[in-house]
Structure formats: C-alpha cells, structure tokens
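Next, two complexes with chain A in common: one pairs it with chain B, the other with chain C.
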Partner chain A sequence: MAIHEVQSPIPGIFYRRPSPDQPEFFNIGDTVSAGDTIGLVEVMKQFAEIKAGADGVITAFHVDSEAIIGPGDLIASIQTGA
Partner chain B sequence: MKKLLIANRGEIAVRIIRAARELGIETVAVASEADAQALHARSADSCIVIGPAAAGKSYLNEQLILDAALSAGVDAIHPGYGFLSERAAFAQAVIDSGLTWVGPNPSAITQMGDKAQAIKTALAAGVPTIPGSNGPVASVDEAVEVASRTGYPLVIKASAGGGGKGIRVAADESELRSLIPIAQAESLAAFGSDEVYLERMVTGAKHIEVQVFGDGETFVHLGERECSVQRRRQKLIEETPAPLLPSAVRAEMCSAAVALAAAVGYHGAGTVEFLYEPKTSGYYFIEMNTRIQVEHPITEAVTGIDLVVEQLRVSAGEKLSFTQEDVLARGHAIEIRLNAEDPSFQFMPSPGYLEKFNLPSGPFIRIDSGFTVGDTVTPYYDSLLAKVISWGRTREESLSRMRRALHEMEVVGVKTTSSFLLEVIDSPGFIDGSYDTLFLES
Partner chain C sequence: MPVEIIEPGLATSIQDLGRQGFYNVGIPPSGAVDRYAAIAANILVGNGSGEAVFESTYMGPKLCFTEPSVVAVTGAQAPVFINGTAAPSWESLQVAAGDVLSFGIFTGGARIYIAVAGGLNVPIVLGSRSHYALGAIGGFKGRNLLAGDSIPIGQLAGTPGRAVPEDMRPVHSREVDVRIVLGLYDFRLSENGLSALIDKPWQLTTVADRIGFRYAGNTLEWVPREQPFGAGSDPSNITDAPYPVGSIQVPAGTEPIILHRDAVSGGGYAQVGTVISADMDLVGQSSPGTKTRFRPVSIDEALDARKKYMDRQRKLIQLW
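Right after this comes the complex of A and B.
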C-alpha cells in the first residue's frame, strides 16, 4: 500500500467538475485509473486536465473546487493497491 | 457622446480610452477586484470596481456593467472584443437603458455574430461556406451523425466564440466524443454559452479576413489581413496585405464581405473571416466578428484610418467619414502578439509580477499593451502581454523593423513568447509567405 500524491504542474483555478452543471469527475472513495481526469485547472482561459497518475482509490482532495492553486500544489491523494 | 464606459480590460480598454480622449469624450473604466490597479483602470478618467476576479462575476456580468454605466451617468458603452462584445441581448439591454451601444445593432449581432447563424446568412447571400453542421449540435450523438456526412478531421467551434477560444479539432469519433464536453465547458467559461457547432477542417488553407465598416447605409471594406500563423487555433502573427494572395481573389473576397455587411444593414466595424485554399484559389466564409478585432492596428497602419475613432463617431449617429475610394492602403504592416507563456514548456501560461517590462519603440513601431512595469499578470484572463505592430513600405522593410523591435524587448517576471516569435518570422515558410494555418503545428 502506498499513497500517490497528485500535484498541479501549473498555477490557476482548480475545478473538480467538467462544467458547473455536471457532477464531479470523482469523489473520495472512488476508484481511478492512472489516465483518468480528476480535475481541471483554468489558467488564462485555457483548461489543463489533471490526471490521476496512478491506479487506486482517492482518499483525499486537498483543494476545493474554484480554489486558486500554485504550481506544485497538492491536489489529491490516491491509495494505490499494490 | 460625452461620457463612455469601456466594458473591457487590458490593451483594448486602453486603446479605446485613447480614441475617446482624442474625441474629447470622458472615459469610465470597469475593473474586477484583481484588476483594480491595472493599466486600463488607471488610464480612464474614472474607474468602477464591479466584482471578483472571475470574469463571470465581473466582466461577463451584464447587470453589473449596466449598473456601473447607469450610476456613472455615461451615455455610451464600448464592449471592446471578447467578453460581452457579441452578446445581442446585452446590446439590446444597453439600448433599452437609453444608452448608445458602440457596435452593430442587436439583430446584426444575432444574424452574423452567432457563427452558426452567420453561416446560414452567408449561404443565403451566396457566399461559399465549409461543409459542417450548419448550426449548433445539441449532443455528442448528433455530432457523430454530422461527422458521418462530412468526414474527419472536424473542427468544434463555440457558437458565441471568437479569438480561437473553445475551438477543438477531432481526428476521429473517439476524439469527437471526448472533446465535445471540453469545448462546451471552455465556451461556457469564456463566453457564457456552451453552444458549439462543427465544420470539416479544410487543410492547407490560409486564414484571410476582410475588415468592413458600415453606417447602416454605406458599406465599405478596408482590405484584408492574413492571420494564418496560429497556435492551437489562436492567432499569433497577422499581416496586411496577405502575401501571395492573387489580386483577383482579393477583390472577390472584399466584395463578398461588403455584400454580407450590406445584407444585414451593418453598423460599425466588423470582420469577415475566410479560409483561402491556394491550390484551388477557393475561399470559404467561416465567420463574421461583429466587433473590433485584436489585429485592427495593422489595417490602421496601412490605411491611416483610426478604426476605433470611427466606431465611436458612427455609433454616435454620424455618417462614415470616408468612402470606398478614400481607402488607400500603403505599404505593409505586421502585428505580433506577445503572450505571457513559456515556449519551452508547451506554451504554459505564465502569470507573474513584471519586474522589467521594456517594450520596443522607435521608427514605425506601435505598441498596444495593458501592462506597465510593476504590474502583475494574473491567472484570470488571457495571456496577451502586448501587441507589437511594425510598418514598412515593403514587407521586407516591415519585417526587418519587427525583427529589430523584438530584439529590443526585455521582460522579466513572466515567461514570454518573444524568442519563439523571432524564430517564426525568421523561418523560410514565413519569409516566403507560403505558410498556412497549420504552419506552426508542423
């Protein structure tokens, strides 16, 4: 068992939903694959996808939706199976 | 017109303030909390802070802008480009409040500003258009159905869009299915509407647009601009005249653009965009932008006509101050858009504090910027730092001045695209003028 920490490579505004009227990509307790998008970062009107980066279960989100984040900020923790 | 509110930010707000001041019109800026100390806010005679940083809660909030206009006692609103500039309902609300809207009348915005409807209008006017959805697509399944008729690659565009935002290209069905929701989200964030439409991608094409102007009775063009140097569908370099465009095709495109403007009784400045396919000399109407354009200064440089001053005059009820015969383009002009992005890191936007911001100057160089040294480039808005415009009697002269200007630039605090732009204008594909819209992708 290990914890994979998901970071944002860029500054911007973090979103957990693809758009305001859609549900969150994932919630705590959800199982994700490495390639899954778990959030978006909007910077200067461009959207970058934040990928899970590892297979596992999401144990925490460290920033709220619409929060301002900096490069390297911790987004989420994923507990990996192996 | 005695007092004007500028419903925008950055370089275009500063540009409009300058034009208004030349006409003796008092200016009122609006700013988000993040922009309270921005150059446009400092440049106007007064400034009203209207809301939080997020554009949806400030620059895109129609009611906040209208309230500011009414409380400041202005008699007109200039929307600039982007934000509320192509929202017919907002234009109507401005007019209904007894104010002058600096732009075309709302019905022309609806007919031409909404790209999907504009294509229908162009089809009716006999202007050639690209195969596509010919209107908005409501669902992913409908998009896939359109693709089965037109083939791939398919371009997904925001109906309310412009400036390359909300535009995505799908190479196959699986990409189309995943990109439609992203394009809708980007469109919603940038323009407040998630409506998108589809067009088959025309390859090897040049993006050439025609500047038009109307006063509701007389309609003229001010020549074309070539805007094929694009990255992720975002224009980076524009020039006029378009290199390698045969004069017969230029004349046809300009006439078509004027006919389209006349068909909707156009009022003010507008831009009719075409894709031009050199191998067939075919051209296709893609959209009309019912507002002032980012790259308008190159047209000003070759014609000597101030387009923003003319917008203010015409919206105040005056007739066009020039006829078609008066429009004489001289020489060649190039504009580059200097962005706060990191060319060595996938052009990642680069907000930050401007420790140094030494922009070029000297003969035949014009700078339009919304920043000065000591300003902060925030993550909330687009990455445009400055536009550099060079003029020369020939394309070569204009280019050598641009090269010199880019070397003078010194920016510390954010990454900029200046070294990348220098590389582009020194590349053989740019120098010989043969570049197409995919030039930078290859």
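Right after this comes the complex of A and C.
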C-alpha cells in the first residue's frame, strides 16, 4: 500500500466539477485510473486538467472546490493497490 | 539553427525590453514584465541586454535545441532539467543538438525567462521583437507559442559557465509590499476608502496577466459627487484620461487592477495610485494568492528607488 499525492503544477482556482451543473469528477472512495481527470485548475482564462497520475482509490481531497491554490499545492491523495 | 517547441507551457511568448514611443496611439510598451530577470538571462549567455527571450508564465515549456547552443534560465524559482537531469538556473549552460530543456513546478514567482545565445530572431515590429497579445503583433507570428513552432536563433557562440552571484538573484515571496505613489485620482477616495487601500492586505486573484493584475480582499469607499460630463455612472468612473503603466484602477471599488506592460493606454476609471517603476518586476513575479500591501511613498522616494533599481541593473550588466 502506498499513497500517491496529486499536486497542482500551476496556481489558479481549483474545481472538482467539469462545469457548475455537472457532478464532481470523483469523490472520496472512488477508484481512479492514472489518466483520469480528477479536477480542473483555472488561470488566465484557461482550464488545465489535473490527472490522477496513479491507479487507486481516492482517500482525500486537500483543497475545496473553487479555492485559490498555489503551484505544488496538494490536491488529493490516492491509495494505490499492491 | 532553430529551437523547437515541444510543449509551450501555459503561456509562453517572446519578449525583449519593449516597444517605446507608441503608447500615445494605444500601442503599449510590452516587453518582459520582469526586466531584471530578462536582462540577466541575456547577459549570462553573452547576448546584449535587450535581445528577445522566452517569457513563460506559471509553467515552463519543453524545448529542443537543434544545434549546440548556450542557454540560461532566470526569474521565477523553478527546477530546470536538461534531458531530465537537474540543471542550475541563473547560470549559462552549454547544450548539444537534440538536448531537451524542461521545467518542474514553480516554487516561487510567476515567470521564467529563457535566453539563448544569439537571441530569438523573430521580426522587429515597431522597433521591438516583443509580443503584444491584444494587438496580435510581435513575437512569433503575433501570438503565444504552440507545440511544433520552430523559433529562429541569431548567430552567436555564447558563453557557458557564467553564474549570477547568489545575492543578485531575487527570491520571490508569497507576501510582498508594493510601493505606490498616490494619485492622480486618490481624491476620489474617502478617508475610509484610502485606509482600505493602503492599510489592509490584498490578495492577487487568478485574473493576472501581462495586461493587468487584479486584487481582491477589501472594498473602497468613494467621496460622493455629481457625475461629471463624459464620465460613467459608477463612482470609480472619471472622464476618460490616459493610464500610466503601473497605474491602479478600482472598478466599482472592489478589485484594484495594476496595469502592466500590455495594458490599454487610457479609459474612464480613476487611478488611485501608480506602482513605482522599481517595483514593477515584483508585481510581474506575483502569482495568484500572493498577499500584497500597497505602501505609499513620495515621488522623491520613488525616484530614489528607481536609481537603486537602475544601479542593480547596471551592476548586473557589468558582471561580464
């Protein structure tokens, strides 16, 4: 068991939903694949997709949706299998 | 010869020290928003201080060199890699044909500058190679860089092995004091309004680019007045006036905007103050969330700060 930590590469506003009228990409307890998008960061009118980066189960989100985050801030933890 | 763009990052453009003399007809100066860092990158590789360099905001690009060259990275604190191996910033580095330059997550500051020996050889438009996004002029084809672009480089062997001394490398903080000169329209603020501007901290929002830096956190109160002829109805509106680079306008009194080097040259918002020229690099290296205090200084203090800033630039240029 290992914990994979998802960081934001850029500063901006973090979103857990693809758009305001849609549900969250993922919630705590969900199983994700490395290539899955778990959130968006908006800066300079652009949206960057934040990828899970590892296969596993999401154990925590460390920032709230619509919070301002800095580069390198921890977004989520993923418990990887094996 | 050229440098190939493998990944452009979020916003990478080509900038030199700017386009002077056209602000009166609405063409802003553009050029590197952190001039000190752009000059440092150039002189490290053996260029003159005003050659065109890459300016990348919040995230570095991934570049490939097609022939041996000398490169230097300055500005924001960010891990630098050549072919995946860590390399130093604020130093000039020899690269071979096929070498790939890439970057890690920024740990401080907002913009990195990448100089290549010989300079980025894009066409000069109105006296400058700087890209101006709103006018779609300058830089590479009048736009930010895209994957697959091939940027021509001037002819120069370059000077590897140079390093800017540690004490001449600015370190960027998430908490800054920005010095301003109040006016011309600070008389529009009430006593409480002025206090909210200068006594309380602001936070840089995510609306921050080469045009303007928008802050949030407080609300400014205005002196009641009768709407002047030609002015809009918002209390922050004035009859149109020119905007200096660095001026601070506060639409609706809620979000101060510092105009930077790609800003429009005039409009109808009261400018409550102007950031002194010596602190414009500091603003340019602020990233969203940066806690900022606006500290008023006199014109004499501003001129003294400008002299010290120009001395620092001169000291840099005289290193080699």
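The rule is short, and it goes like this: the second predicted complex is superposed on the first by the 82 of 82 C-alpha atoms of A that agree within 3 Å, B and C clash if a C-alpha of one lies under 4 Å from a C-alpha of the other, contacts with A are read in each partner's own complex, and residues count from 1 in each chain.
Note that in this section contacts are C-beta pairs under 8 Å (C-beta built on N, C-alpha and C of every residue); 3 or more make two chains touch, one makes a residue touch a chain.
Fair warning: this is a prediction, and the values are worked out from it, not measured in the lab.
With the two structures aligned on chain A, chain B clashes with chain C.
In the superposed pair of complexes, A:Gln7 makes contact with chain C only, with no contact to chain B. Residue contacts after overlaying the shared chain place A:Gly72 against chain C, while chain B stays out of touching range.
Legend: residue contacts after superposition of the two complexes on their common chain; A:Gln46 is shown touching both chain B and chain C. Applying the stated contact rule after C-alpha superposition, one finds that A:Ser19 touches chain B and leaves chain C untouched. When both structures are laid over each other on chain A, chain B collides with chain C only at 26-34; the other stretches in 26-34, 80-88 or 296-304 stay clear. Of the residues of chain A, those at positions 9-13, 42-44, 46, 68 touch chain B in one of the two structures and chain C in the other. Residues of chain A that touch chain B in their complex: 9-13, 18-20, 22, 40, 42-47, 66, 68. Residues 10-11, 57-59, 105-107, 110, 174, 203, 205-206, 208-209, 287-289 of chain C are the ones touching chain A in the complex.
Interface of chain B with chain A (complex): residues 54, 165, 181-182, 184-186, 188-190, 194, 340-341, 348-349, 351, 379-383. Chain A meets chain C in the complex at residues 7, 9-13, 42-44, 46, 48, 68-72.
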